[in-house]
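As written, the chains take the letters A, B, C, D, E and F, and residue 1 is the first residue of each chain.
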Amino acid sequence: MKAIALLCSLITGAVLLYGVQDFAPWSDPASPASTHVSSHYIRNSVPETHVPNIVTAVLGDYRGYDTMFETVVIFCAGMAVICVLRRSKS
Amino acid sequence: MSSPTNLHLYILAAPLVAAFVLNLLGRLSRRWVMPLTLGPLVFSTAGSLMLLARVLKEGGFSYTVGNWTPPYGIELLVDPLSAMMLVLISGIALTATFSALPWVEREHPGSEHLFFTLYLILIAGLMGLVLTADAFNLYVLLEITSITTYGLIAMGKGRAPLASFNYIIMGSIGACFYLLGIGYLYILTGSLNMADMAAIIKTLPQGPALATAFAFAIVGLWVKMAFFPLHGWLPNAYSLAPTAAGLLFAPLMTKVTIYLMIRVILNVFTPEYVFYSHPLVQSGVVWAAAIAIVCASSLALGQRDLRRMLTYILIAEVGYMVGGFWLANSQGMTGAILHIFNDAVMTLCLFLAAAAIASRTGSLSFDNLKGLYRTMPVTMAAFTVGAFSIIGVPPTCGFFSKWYLLQGAVQAGQWGFLAALLFSSLVNAIMFFRIIELAYFTDDGEAHHGGHHHGDDHHAPVAEAPLPMLAPLVVTAAALLVIGLGTGPIVSAIRLTLPKFL
Amino acid sequence: MTWQVDLLILALVLICAVAAINARDLLGASVIFGVYSFLMCLLWAEMGAVDVAFTEATVGAGISTVLFIAAVLRTSRRCKD
Amino acid sequence: MTCTPSILPLAAVLISMLGTIPIMLSDRRPNLRESWTLLIAVGKFLLVASMLPAVLAGGGFTFTLFEVIPGVPIALKVDPLGMFFALVASFLWICTSAYSIGYMRTLKEHAQTRYFASFALAISATIGVAFSANLLTMYLFYEVLSLSTYPLVTHEQNAEARRSGRKYLTYILGTSIGFALPAVIITYSVAGTLDFTAGGILAGKASPALLGLILCLFVAGFAKSGIMPFHGWLPAAMVAPTPVSSFLHGVAVVKVGVFSIVRVILDIFGPDLLRSLDYGTILSYFVCITILVASLVALTQDNLKRRLAYSTIGQLSYIVLGVALLTPSSMTGGVLHIAMHAFGKITLFLCAGAIYVASHKKYISQMDGLGRQMPITFGAFFLGALSIIGLPPLGGFISKWNLVIGAVEADQIPILVILLCSSLLNAAYFLPIIYRAFFAQPAAGVEPTIKEAPIFCLAPLCITALGSVALFFYPDVFLRLVKLAILN
Amino acid sequence: MTGLTAEIVAKYNYWLYVILMMVGLYAMIGKKNLVKKLLGMNIFQTAIILLYVSSGVKRGAGIPIVDKYKALAQGVDPTLVVNPLPHVLMLTAIVVSVSVTGVALAVLLRIYREYGTLEEDEILEKIGK
Amino acid sequence: MKRIQEKAAQRAFGDNQIIRVSARMMVPFIQLFGLYVIVHGHYSPGGGFQGGVLLGASYILLALAFDLKTSLKTFSESMNSILGTTGALIFVGTAVLCALVGGLFLDYSALEPLLPLGPIEWRSFGIFIVEVGVGLAVMSIMLSLYWDLSSGGELDEGL
């Protein structure tokens, strides 16, 4: 088992590193991740939502649908724990 | 493109809101459980049928949540395929719920409302998965369905918690892999919207990062759908889960994940990249699917318990769909998508039948199935229809999807996959006829040993499953035939969403 | 922040991760995991992800660790590997 | 041929399928149930016969249900070939139904409702195969037939019946899924359609090698035709009650297999294509092996039903042989043999059943002198045997005569020799039975109390035996149908 | 060699994340103790968070909280603020991770209640007999 | 070393006057900070989620310092569950409400007809409402997670 686990993680790591070589260097302001959508958020979130904390603006509004389901995830977890652990009252 | 409507989100929100309300009111009285479970599902089913009619008439549309233009906001895509999936999910959930209600009452007295809270959220999560056109949103919804599933499975008895734990570990690995894949894509493209990503990917050179992203996203989904070598968690999890929960998981979970794989391939990575620039990978996956089908079918053959056998068949069917889709031609893809629908309905039929049998015999091991035809004729008849569908006997719907898959295999020249499909049909025939033989042609017990001539006047008392379990079963069995004969319109709707160049 | 501190945190993160999964005592492992989360949170704060750092501090180092400890105390601290 | 859309073919197919419902519902009332069975049988025959004049006049009927796959609807079409087969099958069903009633009641069989319902379903599927307008529809009914006959084979519910049922399914389902389905799919991929078209749809669409592969898959896939090496199910299926053996394994099931092959040869490949590739000759030599081997094996069987089964295997190959030779006479002979053999063989099986009902004897070696106690039964047996051997004045002569002429036309003298040898072998395995029954001394201990079987059993077998005779003198209708089918 | 070193230095965050990921994955698959598996899972998830957060870093940029009035008046220069999108995503991911952990721990308690141990091999032994 | 352990065992775990007093003193401040984090999420790091966790943590601290029963007295289980559900319902309800009043799902500016604030201010306000919902849900669920895990679902003594 240990050998398999080691092998799995080594392969996964190798593949991931293989992919990394394509990336823009770390902390490059011109990398695609930092330019395409995100600069739109940085430029427009304050004018469009009047929220200075850009993260909150994106979290609550631009990607509010995600956040809604995030709340549902938490709720699910709570319910699941109750379901799993509490014995029925009968 | 028709003008957007909010209907699809009402369809999704109905079970979600009902889940919360049920959690509030259910603790007060058990009376609330049934209306609050069935009500929203009826609403969703009706709504999704309306939506499908509308989409087929006016074409699909894209919906921007929060009125933010994509790729800045989250986009939802309502096209014929997703509308059909909505119909499938809500319809199956509704049908399964009729049978689930008495089961939950029996297995989890006192915590029905908790069970159905999770159950409804799971349904909402599945619907959300079908609609979303945002790669990260997909991850969140995937986790919703997973967490509810973990919880529901762990509610089972005996070894169920252990099965659930294994599923948590495997499921997390799957979800994390998917998230890694999306992370790589995000770093490459800077976007999370599927269509936007696809547009940017087209302009990118095909480097290692893209390949890694693709590999991780797809492998992650494979883990979630239990594609053969990664299937270890599924048989225990689904066969030990509470019966009511199994009724929902088995038909829907793997199928929705396959739908997601199709979405990710068609809408994010594009078939040009996935299939045509890497023919070796493409045929490799088809071969892997063929091996998966053969292995899973063989494993199923070794089971001595009806529900466990069905779970292995489920894994084999995953191989059908993955392989069929990766055949990368119009017929194969049509077959794979058609099989999503057909397999969901036939799995539901078989699991409903298994549940009905279990409600009378208590156990589903083969020894208990002897002579069941005498006591449960309707159940066994429906079971037989479902079995024929899995085997692929015309005119049940299973035949027609297999037809398309086989045809895709012929066109692609994938003889191994063709052979695997035929092999699996034969193995299914052996398995199911073993059961049919037990149920119809073996007398239970010693009374009629030698099996001869107890005349027409002798009848064991008929002891059918209660009506709430029987009615959905009969409806599903009938649906198998109706869907089979209605394959034509379904296929033409599926063809609307396939890429044009196929 | 200077790169020396950066490197120190990185090294500590790695050490904590390895220590957490190798500790023989599960309670110890949980606590080390808390430390690990806290170091991660430092790392993120340094990268400008203040919200993530805040969340990690409350959740990773706080709630997650408490939940782990609660579960370990309810079950057993023993661990064979 | 002009086809008019009509619901008649659908009605002819569905009447017995829907008939299963009243049969099942009248589970507790045998009289009502059996009246239903007879009523449906007669109704079905009348429906089929009502379409006969139009078909003889060169017309036809079609009915399209659903388009399930682009260009391939589930559709029915009545053409001379289908009409020919449907007429034979639906007429013989009436006889068998009546016979079944007598047989089942006398032996007090269990699960009779299941039996009659499966029977009705099977005949439905048989007519469906006859009236199919395309390969998909035919495959559909073919499979329905396989599954609906399974309960009949396993009817006895004992270990042997279950084993035979398993064998039956393995052969039938295994070949149809493993060979016929891929063949259908490859055909569709190659030709883009599956409609039965006179002259075939495959001409010029694929390489000779692929065509050969498709032909092999089809011949192997329709294992109901009993061509060796896929014949093993037929002797095994003889554990079924005798009406089942007689009708299904003398007429419906096996003839469906042969009919499917004939259909494929005539309407999918087309005689011209096969002639140009010379695959017909290869196929005819291949089935010759079955003819000879089956006849030889039949000689060694002591169980009467098993001997009949092997005889059936041999006779079925005559039909395929005739069609595979591809000359007009041989094809006429082959197709006619469907009817001639059906009448002859059903008589033989019904006699075997009547003997079992009356005396509980299964083995030929036990039948010494039995003919004197059951003269009618054995008289009918004699007629049936003569028909199968191919002697005048019985129907079998006409078809065999045509076959022989066809072999000469095709310049295949070896096949001519084989045909003659085989006829001698047929005589060799049938005539001793007759001899034993009438002329051998009864063994000691045979109860002299054995009487003829009940009238319900006896009447049908007389009718079919006389039918064999009548077919010799009045083969007009069938001949015209066959001519129409082949000339198309 | 220098090329590799340069590559490592230029992307050392990514290297670290891969190593952490490997540690986590190894623990998830290879460890027999169920709590260890969960710890591995958490480490795996933090590794992913590290990947995302790293992707959002910009040289010389500030935190994603801006002066509202200044922003309204003059706008914001995107190069001066780190990329907020990965942060948002990772907030969600953290929530998901803690939820999964919670459920997993609950299941763990059930398993302990049933078998009295948290070692996988011992549990399998108990099931076997 | 051994003696210290024995002494520790004699004193029940966590049964310490200093801890109790300081915990009780800290709880209000933590709660205040939690509320601040929720409300001030627009202007500083934090928001519903982090604030909710802090609020939950304050009760967890209480439960750790005393025992579970004591903390359940101050904040009952059903109350907690209702709060959590309400929190989630606030979010989903707001989303559905936006659609019901004629806008798109989660489009806060569509709520304009309810209260004339201006579409952009409504967006800001909508985020706030939603954050409160998140905060409530997270607080209650975190608390419930802790309760259940530390008592094995019995909700009795706890750790």
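Here is the rule we use: a residue touches a chain if its C-beta (ideal position, glycine included) is under 8 Å from a C-beta of that chain, and two chains touch if they have at least 3 such contacts.
Not measured: the values here are computed from a predicted model.
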item: Pair joined by the larger number of C-beta contacts - A-B, E-F; value: A-B
item: Chain whose Cα centroid lies at the greatest distance from that of chain B; value: D
item: Most distant chain from chain A by Cα centroid; value: D
item: Intercentroid distance (Cα basis), chain C paired with chain B, Å; value: 38
item: Averaged-CA centre spacing for the pair chain E and chain B, given as whole angstrom; value: 30
item: Chain centre separation (chain A, chain E; CA means) in Å; value: 9
item: Whole-Å separation of chain centres (CA-atom averages), chain D against chain F; value: 78
item: Multi-chain contact residues (two or more partners), chain A; value: 16, 20-21, 23, 31, 33-35, 37-38, 41, 47, 50, 52-53, 55-56, 59, 61, 63-67, 70, 72-78, 80-82, 84-86
item: Overlap residues in chain F, where contacts from two or more other chains coincide; value: 43-45, 47, 49, 85, 88, 92, 95, 105-106, 108, 138, 145, 148-149, 152-153
item: Sites on chain D at which at least two other chains make contact; value: none
item: Complex contact set, residues of chain A against chain E; value: 1-2, 4-6, 8-10, 12-13, 16-17, 20-21, 23, 25-29, 31, 33-35, 37-39, 41-43, 45-47, 50, 52-55, 58-59, 63, 66-67, 70, 73-74, 76-78, 80-81, 84-85
item: Contact footprint of chain E on chain C as seen in their complex; value: 10, 13-14, 17-18, 20-21, 26, 29-30, 33, 36-37, 40, 43-44, 47-52, 55-56, 59-60, 63-64, 67-68, 70-72, 74-76, 78-81
item: Sites on chain F touched by chain C in the complex; value: 37, 45-47, 49-50, 53-54, 56-57, 60, 64, 142, 145-146, 149-152, 159
item: Chain A residues touching chain F - in the complex, by the definition given at the top; value: 47-53, 55-57, 59-61, 64-65, 67-68, 70-72, 74-75, 77-78, 81-82, 84-87
item: Chain A to chain B touching residues, read off their complex; value: 15-16, 18-24, 31-38, 40-41, 61-66, 69-70, 72-73, 75-77, 79-84, 86, 88-90
